[in-house]
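Two complexes come next, and they have one chain in common, chain A, joined by chain B in the first and chain C in the second.
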Partner chain A sequence: MISSLILIIIGGALVVIGSFCSLVAAIGILRLPNFFTRIHALTINIIGGTFTPLIGCGFITLGLETLGSERLFIAGGIFFTAILIVILGPAGSHALTRAAYRSKAVSFEPKFINQLEKEQRGD
Partner chain B sequence: MVLEDYVRIISGVSLAIYFTSILLYVVRLIKGPSIPDMVLAIDAITYSSITIFILLMLILNTPLLVTCAMVLSIFVYALNIYVAKYLESREMGE
Partner chain C sequence: MNISYRFIGLLLLIAMILAISICTTISNVGFNIPHDIKYLSRWVIYSSYLVTTPIFSSMVPEIVNAVIWDYRGIDTFFETSVFYIAIIAAIALFREVKIELVKEYQYLGLSKIVKTVTKTLLVIGLGAAISIALHGHITPGGGFQAGSILASLLLIVIIVFSVHFILMKGLTKNLAIIIRSIGLIGLVSAIFIPILLSLIMNTYGFVFQNQPKVMSPLGLSYVADGHVLSAMVLLLNIFEFLAIFAGFLIIFILLSRPTKELEN
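Let's turn to the complex of A and B:
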């Protein structure tokens, strides 16, 4: 009883943190001026807004005894999805950013500094 | 019984916040000036809907929704890789 109470309280706190991060990422994607700054808001959504509440929901399902013996299946699925996201999400967004930089499909305005362009030019 | 009410309140409030953020992502999806911006918005929508599936599963007690979340998390990765390959070499790998 005590252990399920602790698990549910920790899981609820993680879910609340995740929803806050999701709202911050939504405002960032809507308001930031550039593609390369918007991809930063997207990774806030990936790690803070999806990975954290998934771990929290796994703790909650481990703690809820009213779900019966199916809760081990559910918690295993949730933890597997969380590990998949924390590996594949940053890899995918990095591939997208690299392709967008190399193919010059996005505009750079407003630009303050571009260190990679300087290095490729040989300064 | 108190624990179930606690879980239900937290899941409901988080569901409302996630639906609000999906609405903001849709604005960026319509407004986006280039192709990578639209792909970025679709990524964000799919990641939020994964969390929405998991929270709905907690509220409705339906364990099959975990499978949908698993499939969606692989679909986003495949979409990113396809669009990256198309942008870099102007072809889909056939």
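Let's turn to the complex of A and C:
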């Protein structure tokens, strides 16, 4: 009984953290100046705003004993989805950023330093 | 002026969010479900899976698959045939195109990170697609959905690894056509075998006959060794899975040709 309560509290805290990360990412996508910084905000949304609340939902589902033994199936599905997202999301944003950098379709301004360009020139 | 517009918009947004949350939390606001619909849904469930009288039931626990393959099977069959005619038209349109293979396919495609992640995804997605196809009569899903999942997975592989990867690994257009033909032949034979049997056994038989009906004793057993198999729906799901995935794969291989190659 107490363990289920602890699970629900941990899950709720994770969901709150996730919603905060979503809010930060939304503000970042609206306010940040160029494509590469906005990709950074998008990654905050993928990991902080999707992965964390999914794990929290899994903990909440495990804690709700009124759902019966079916809650294990639901929690398993939730954890599996979370693992898939944490594998696929960074790979997707990596592919997007790489394509944008190589095709030079986006503007780099404002920029402070471009380390990759320096290394390619051989400095 | 600008700030006041923004303020009004923010107020409207908050009001909408509050209204939706109130409507979803308090059950009396919003619409009540009438009792007739519950009666209707009970009849749908009875005619889908009722162990006591299998003659009046299609013996498929998943209602959507019961509707698709048993209640209105002929409709699904013609939908499927429309899809295959479209694929045949695409093959006929691209019949002059010869695909030149690139031996060094490992230098094509996206970066190594994306390739590694796609390999992981391919294993997981293959398992998910096959399980959705084989569990279509118990859980939501079915042949078309599983075939679409596998085909979209192969589309990702084509984008990430390039089409030469798939072709050099042996999954060519001709093999896809063969798989599609196997699926179609299985589908048609599973549909029409009850009629042929009824001609031989001198009884009545119907197209898409899943379970024994009142006048005709034909039909496979819906349960085997304690597992619900739903007889013909499982077979139809498997054949539909093969045919749909191979059909989509043909389209994707043909559409991934670059424009320069087509102009030559």
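Here is the rule we use: the second predicted complex is superposed on the first by the 123 of 123 C-alpha atoms of A that agree within 3 Å, B and C clash if a C-alpha of one lies under 4 Å from a C-alpha of the other, contacts with A are read in each partner's own complex, and residues count from 1 in each chain.
Here is the rule we go by: a contact is a pair of C-beta atoms (placed from the backbone, for glycine too) under 8 Å apart; a residue touches a chain by one contact, two chains touch by 3 or more.
The shown structure was predicted, so the numbers you read here are calculated from the model rather than taken from an experiment.
Engineer: Contact-wise, after the overlay, does A:60 reach chain B, chain C, both or neither (first, second, both, neither)?
Structural biologist: Touch partner of A:60: chain B, not chain C.
Engineer: Output check: A:42 vs chain B and chain C. Expected answer is one of first, second, both, neither. What do you get?
Structural biologist: A:42: touches chain B, not chain C.
Engineer: May I ask you to decide whether A:17 touches chain B, chain C, both, or neither, giving the answer as first, second, both or neither?
Structural biologist: A:17: touches no partner chain.
Engineer: When the two structures are laid over each other on chain A, which of chain B and chain C touches more residues of chain A?
Structural biologist: Between chain B and chain C, the winner on chain A residue contacts is B.
Engineer: For A:105, is the partner it touches chain B (first), chain C (second), both, or none of the two (neither)?
Structural biologist: first
Engineer: Does chain B (first) or chain C (second) touch A:95, or do both, or does neither?
Structural biologist: Once the two structures are laid over each other on A, A:95 reaches both partners.
Engineer: Is A:86 in contact with chain B, with chain C, with both, or with neither (first, second, both, neither)?
Structural biologist: A:86: touches no partner chain.
Engineer: With the touch criterion stated at the top, can you tell me which chain A residues are shared between the chain B interface and the chain C interface?
Structural biologist: Comparing the two interfaces on chain A, one with chain B and one with chain C, the shared residues are 84, 88, 91, 95, 98.
Engineer: Spell out the residues on chain B that touch chain A in their complex, using ranges where they run on.
Structural biologist: It is residues 3-4, 6-7, 10-11, 13-14, 17-18, 20-21, 24-25, 27-28, 33-37, 39-41, 43-44, 47-48, 50-51, 54-55, 57-58, 61, 63, 66-67, 69-70, 73-74, 76-77, 79-81, 83-85, 87-88 of chain B that touch chain A.
Engineer: Spell out the residues on chain A that touch chain C in their complex, using ranges where they run on.
Structural biologist: It comes out as residues 84, 87-88, 91, 94-95, 98.
Engineer: Chain A touches which residues of chain C in the complex?
Structural biologist: The contact residues of chain C facing chain A are 110-111, 113-114, 117-118, 120-121, 124.
Engineer: Looking at the complex, which residues from chain A come into contact with chain B?
Structural biologist: It comes out as residues 4-5, 8, 12, 15-16, 18-20, 22-23, 25-27, 29-30, 35, 38-39, 42, 45-46, 49-50, 53-54, 57, 60-61, 63-64, 66-67, 70, 73-74, 77-78, 80-81, 84-85, 88-89, 91-93, 95-96, 98-100, 102-103, 105-107.
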